[in-house]
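Heads up, the next two complexes both have subunit A, just with different partners, subunit B and then subunit C.
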Partner chain A sequence: MKVELKAIHKSFGTVHANNNINLAIQAGTIQGILGENGAGKSTLMKVLSGFIQEDEGKILLDGKPISVRSPADAIQHGIGMLHQDPLDFPPMRIIDNFIVGREGGVFPNKKEARKDFIKLANEFDFALDPESYVDSLTVGERQQLEILRLLWLGVRVLILDEPTTGISALQKEKLFATLKTLAKQGKTIIFVSHKLEDVEQLCNQVAVLRQGILVGEADAPFEIDKLVEMMFSKVISVEAKQPCPFGNSALSLHNFVVEDYRLRLESVDLTLRAGEVIGLAGMEGSGQRPFLRACAGLLRPTQGKVIVGEKDLTGKPYLAYKNHGVGFLPASRLEEGLIPGLSLTEHFILAEKGQGMFIDRERWERETKERITSFNIRGTPLSPVEALSGGNQQRALLALLNSPLSLILLEHPTRGLDIESVIYIWGKLKERCRQGTAIIFVSADLEEILQYSDRVLVFFSGRVSPPLDASATSVEQLGQLIGGKGWAEKFEQQGDVYA
Partner chain B sequence: MTTDTLIIGLAGVLASAAPVLFAVLGETISERAGVINLSMNGTILLAAMGGFAVSVSTGSLFWGFITGMIIGGLVALVLAFSSITLKQSQVAVGFVLTMVCRDLSYFLGNPYMGLTGPRLSSWSIPVLKDIPIFGALLFRQDYLTYISYLGIIIVWVWIYKTRPGLILQGIGERPASAFVRGANVNRLRYIYTVLGGALIGLAGVTYSLSVKYGWKGTISGLDGIGWIALSITIFGGWDPIRAAFGCYLFSLLQWLGLVLQPALPNIPSQVLQVAPFPLMILTLLFVNIGNAEWVERTLAAIPEPSRKAISRLLRALRASPPAALGVPFESE
Partner chain C sequence: MLKNTRWANLLIQLAAVLMALLLTTLIMLAADAPPLEAYANIIKGSFGSLDRISKVLLSWIPLLLTTAGLLITFSTGLWNIGVEGQIVLGAIATTWVLRLFQDSAIAPGWIIFLSILAGMIGGAIWASLAGALKTFGGVNEIFGGLGLNFVATALTLWLIFGPWKRPGVGSMSGTQPFPEELWLPQIPDYDLSYWALGLAIASIVAVYFLLQGTYFGLRLKAVGKNFRAAHLLGIPTWQHMMAAFFLCGIFAGAAGAMQVTAVYHRLIPSISSGYGYLGLLVAMLVNYQAIWAAPVALFYAALNIGSIQLPIVLKMDSSLSGVLQGMLVLFVLMVEGIRQRYLRRT
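Take a look at the complex of A and B:
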């Protein structure tokens, strides 16, 4: 189905999120929509999928103007959208999620729905059990469920908003294969992303948005440098890897066993030296989260010892870790990292300890202004943190870390951020490393792990690999390992035997 | 105590649980849709008084019940308007409504104190009433008790087995997801809040026209029932069948308090009268204790076989509220 957007305008207050966007997308193709955070990609797609209404402009399907007043309207016209965080119902079963939203009588025909579901899932080789609960699924599986549901509703235009954020390399491969199959069937795929490599791998054409304006279009094969220039109006390059010298032990784990209610990790022995970076690779839910939290003192290890610097902190509370120079940045920035409703200034006041009862507002606003400049945060001292964009929230979190630190633990430090922010964040972290801080971070992005870490630990269903040398590992190898393949060959020569 | 008196006593437990059940079912569907109706305690009093007053003045039980339900629906409508349309705090508005309704019922109910009018009679279901034991226990009740049995089943089937019920779960769980599936979230929230309110109103008139007949102002003994119903809604994990167990448990505890009094003369009677309330609190505590991290840590120290059993039990009892409970929805 051919989709045409004509002169679309949309403003939020004074922000012109979409400014006169014209775009035509042919049936059977995969159209990329590229742009950094806040470029207006999501707004445009929400307009097309009926989530919000355009201020001006027209939407045409196969040359006929249509009016899309709600997501239900969009579905009626065959337009469906997969949102970045899949819009499903976590506590409900897969099959119930599948049924909600489909028209029909009071009592749904579950048998029929289950049959359709299994047929569709088999067609795309998705291993989903209709009776399991959505909150036990990974983001990648929840996406698969949403895709199946939209196809079942007869969608012919499928919009995907940043679908590769938070899914594993294998799931991404499967997703891309699925999208290519759908395009071959004549469906129109619109793929919204800020990741150049994804667009390069997948799309037939790409349109680039910057500050609400469509700045250019290109056909595959793409010239990456040109796309980057269009996205940022300047050329950005990733800094070459510069290892920094390692110091004394910053963290050592002895016979360290962590478990949560789902998973027990096998025992780990590890020594991390000052200035070293370790990346934790693995599919979501393979145990990286409890591992990192146990290193931060937020979770008590079942067995073993945690030694920070030279001090044994096993079983001590988070505060003791914090006082010994451990910093922790959680993945959910607004839920765990920051306090929505408080301003940047108030956050900096809270992060400072022991300064009496009353607050010197003027002094702190000055201080905050300085940190805003030095950390390149787009916001004012009085901006509430929830009003900042994801990249700026992450910068604020970094700015909140005390100095000096012996160890920084990060969960998905760059998830959902554009390239410019990613480079900036890692620049700041590497600066810390040179000052002697050790880093452990979790990421779903294998390239990020290999790019920035010295050693890598691979997690797979409760198993933790011995540390791998990042410079001697390829993305493909790592991709296999996190899927549980090739463990025997890889680790046998190191003296460990894995089944 | 003979078997017959025991059965009659237990039949009374079922009957006196009926109004609590109506209130709990009403609150359950309202909260499933994402709206906490904290006006329940006041609504029950106002509906009890209003329904009784109308039935005395008109001589009609039917109009008494209808009035009670309309009162409940109207109070819920005020809550719905202020929280869904005006986006005000459901908790604050609910509290104010509960106090206003309570005082209003005492003030307006003065002229009807101690009057009598038509009264709901019991009706044994033919054939079923002759089943040994169960006949006397379940099927020699008044209409409302039968309706309360049906209510549990209807609400349960509606929530879990029907298409609109799935959407009801959805609008309380994640309204944005329900919205992209074509649901008119705020309209549905209005409907379920008002419907839930009508059931809470029905709870009130069930007291004043049947279970605790009449209107006696501040000594009607209805003040506090709404709060118990609220806690049973949570105990029930927003599931009508679990909630029904909660209602019957509470009713049973109250009855035991009365029955045990002569058998345990050393215990002051006040203790037995009040006991059901702390017992309910303990039950609530027990049901939700599995959510706490220290419990998980303590359990880790228990030897394997019994730990598995205990943690499975705790997990089965654990219930989480609808995720969007109390959160207004805007489609941007």
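Take a look at the complex of A and C:
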């Protein structure tokens, strides 16, 4: 189906999020949408998929003007959107979530749906158990579920808002292959992303947004440097790696065994020193999440000891960890990280501890303004957090981390950030390292892991590798390891446990 | 811009009120009752004379106290349905202390003071039970609260017909009334007590500042809006929930104490007079904003008192005010829901 957007305008208060956008997308193509954080990409996609209404402008499908008043309308027209922060109904079974939103009767045909679900899931090799609960899923798995649901609803225009941030390289390959097949079948795919290499691999053409304006379009093959310049109106380069000196032990794990409902990790012994960064690599669901949460005191290890600094905190609650300078940053921003309905200022107030009785609002608004500037957040002190763009929510989360901290644990710290912000945020984190903070982070982006960590732990179906030297490992090697290949050769010297 | 939306909001709310009035009128017409006369009677019955006004204020006091407490639990995301029982326990504890000391040599002023304090504690304990059931037993506060309400009512009846029964035989009209020196001092010729009025107004003001201006209030809101994020931000979540229950119980208990010391001067079977449920309605109607609680509660109290006239004058049932009160909440919530949907789109 051919999609045309004509002179779309959309403002939020004083922010002109979409300013006269004209874009035509041919049937059977994959259109990339690029732009820095807060450029207006999600807004444009939400207009197209009926989640919000344009102030002005027209949407045409195959040359016919349509009116999209709600997501249900959009689905009727065959337009479906996979959101940046997956929308779902947490305390539900996967299969029920799958069926929700489908037209047809009070009693849905569960058996049929189940069959379809399993078939679709197999097609993409998504390991989702239809009977398990949605709230037990990782961000990546929720995205998978949402993709399946939309395909099942029969959409012909599929919008994906940053779909590759949470899934593994293998799953990404599968997804891309599917998207290409869908395009060949005449479906229209719109793909919003910050990852230029994804766009390069997948898209037939791209459109670049900056501050609400469509600043340029290009057809494949793309000149990456040109795109970057269009996005940021300047050239961006990653600075060379600068290791910082290590101090005393910040965290040590002895015979540390973590377990969640589906996986038991093998025992880990590890010492992390002040200033050091360890990256956790692995496919979604390989155990990085429970491992990190156990280090934060959010999950009790089944065995072993956790020593933060000099202090044995084994079995202590999360608050004890927090009081000993451990900071934790969750992946699901609006569910665990931020409090929708409260403003940025209120978040900063809450994150600070040890206060008196009455809030000095003026002081806090000043403070918030400073943090907004120093973390480059697009928003005002009184903006409710849900009004921030995805990338800006992430910056707000990072700005909420107290200081000083002896250990920072991060789940997907740069998920949804544009390249410039990724560099900026890591600059901030590295600055903390130089002041003696140790960092452990999970990322689905192997390059990010190799670029920013000193050592890497690889997770594969319950196994945890000994620490790898990041500078002696390549992306290809790491890609193999997270898929379970090459463990024997790589870790030979540690004995043949990994054969 | 902001002003604009605020006016729009007000207009929308007004429309909801008009719709509620319209529907109530239709119901009256269907029942062959004269609506205009009924409304006129309600107004006359509530504000027609100083005596009526004092009665409205007297009914406003427990309602405002209860609403003040409920604003705290609602802000924390808790549905404290058990507030009825908390009022009842407040009344029971107050009665108990009054009985305990009524023949002692302690000055009556002190006895009243102690009994009100006991009422607050009684309500707080009862609320903490609902809280404990939730945090430690995993019982949803709605179910726990309902159960505790039943227990509280049963306890009242047992006391009235058992240990605290009037000399001779127990009666539905309650326990033996207390002597006048154990009443909260009243304005001569009227039933109203300045003390009670002062307590109610001070309470709502305190809750307003608690929720708007303090760190504690902000943390309660954080827990109410996103439990998991609040936990990760380092807020001790269950402690804050318990605190919210406890505080709400204090205000509900105070309402019960007022029912005994300022209104009935004894324990009666329906001592809470339904102010718990009415308070829930008021809190929902004001969208959990303390600033609107006082006028809306006053309006509800006026409806309560005004409609007492109806059966006498018009041979209509006084439950008409209940119809209007419920209808108002439904329409305001509905209009609000529609507005939210509309807002999300634009």
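Methods note: the second predicted complex is superposed on the first by the 338 of 499 C-alpha atoms of A that agree within 3 Å, B and C clash if a C-alpha of one lies under 4 Å from a C-alpha of the other, contacts with A are read in each partner's own complex, and residues count from 1 in each chain.
Just so we're on the same page, a contact is a pair of C-beta atoms (placed from the backbone, for glycine too) under 8 Å apart; a residue touches a chain by one contact, two chains touch by 3 or more.
None of these values were measured; they are calculated from a predicted model.
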Worksheet item: Does the superposition put A:330 against subunit B (first), subunit C (second), both, or neither?
Response: second
Practice prompt. Could you say whether A:92 touches subunit B, subunit C, both of them, or neither, answering first, second, both or neither?
Written response: first
Discussion item. By the touch definition at the top of the document, which applies to A:284: first (subunit B), second (subunit C), both, or neither?
Written reply: neither
Discussion item. On the A-aligned overlay, A:420 touches which partner chain: subunit B = first, subunit C = second, or both, or neither?
Written reply: neither
Worksheet item: Thinking of the overlay built on chain A, is A:341 touched by subunit B (first), by subunit C (second), by both, or by neither?
Response: second
Item to complete: Quick one: classify A:52 as touching subunit B (first), subunit C (second), both or neither.
Response: both
Worksheet item: Looking at subunit A, which of its residues have contacts with both subunit B and subunit C?
Response: 51-52, 70
Fill in: Residues of subunit C defined as touching subunit A within the complex
1, 213-216, 218-219, 221-222, 225-226, 228-236, 344-346
Item to complete: Can you check the complex and tell me which residues of subunit B touch subunit A?
Response: 161-164, 166-167, 169-170, 173-174, 176-183, 296-297, 300, 311, 320, 323, 331-332
Worksheet item: Where on subunit A does subunit C make contact in their complex?
Response: 13, 51-53, 69-70, 318-319, 322, 328, 330, 335-342, 346-347, 349-351, 353, 355-359, 400
Practice prompt. Enumerate the contact residues on subunit A facing subunit B in the complex.
Written response: 46, 49, 51-52, 70-72, 75, 81, 83, 87-92, 96, 99-102, 104-108, 261, 300, 302
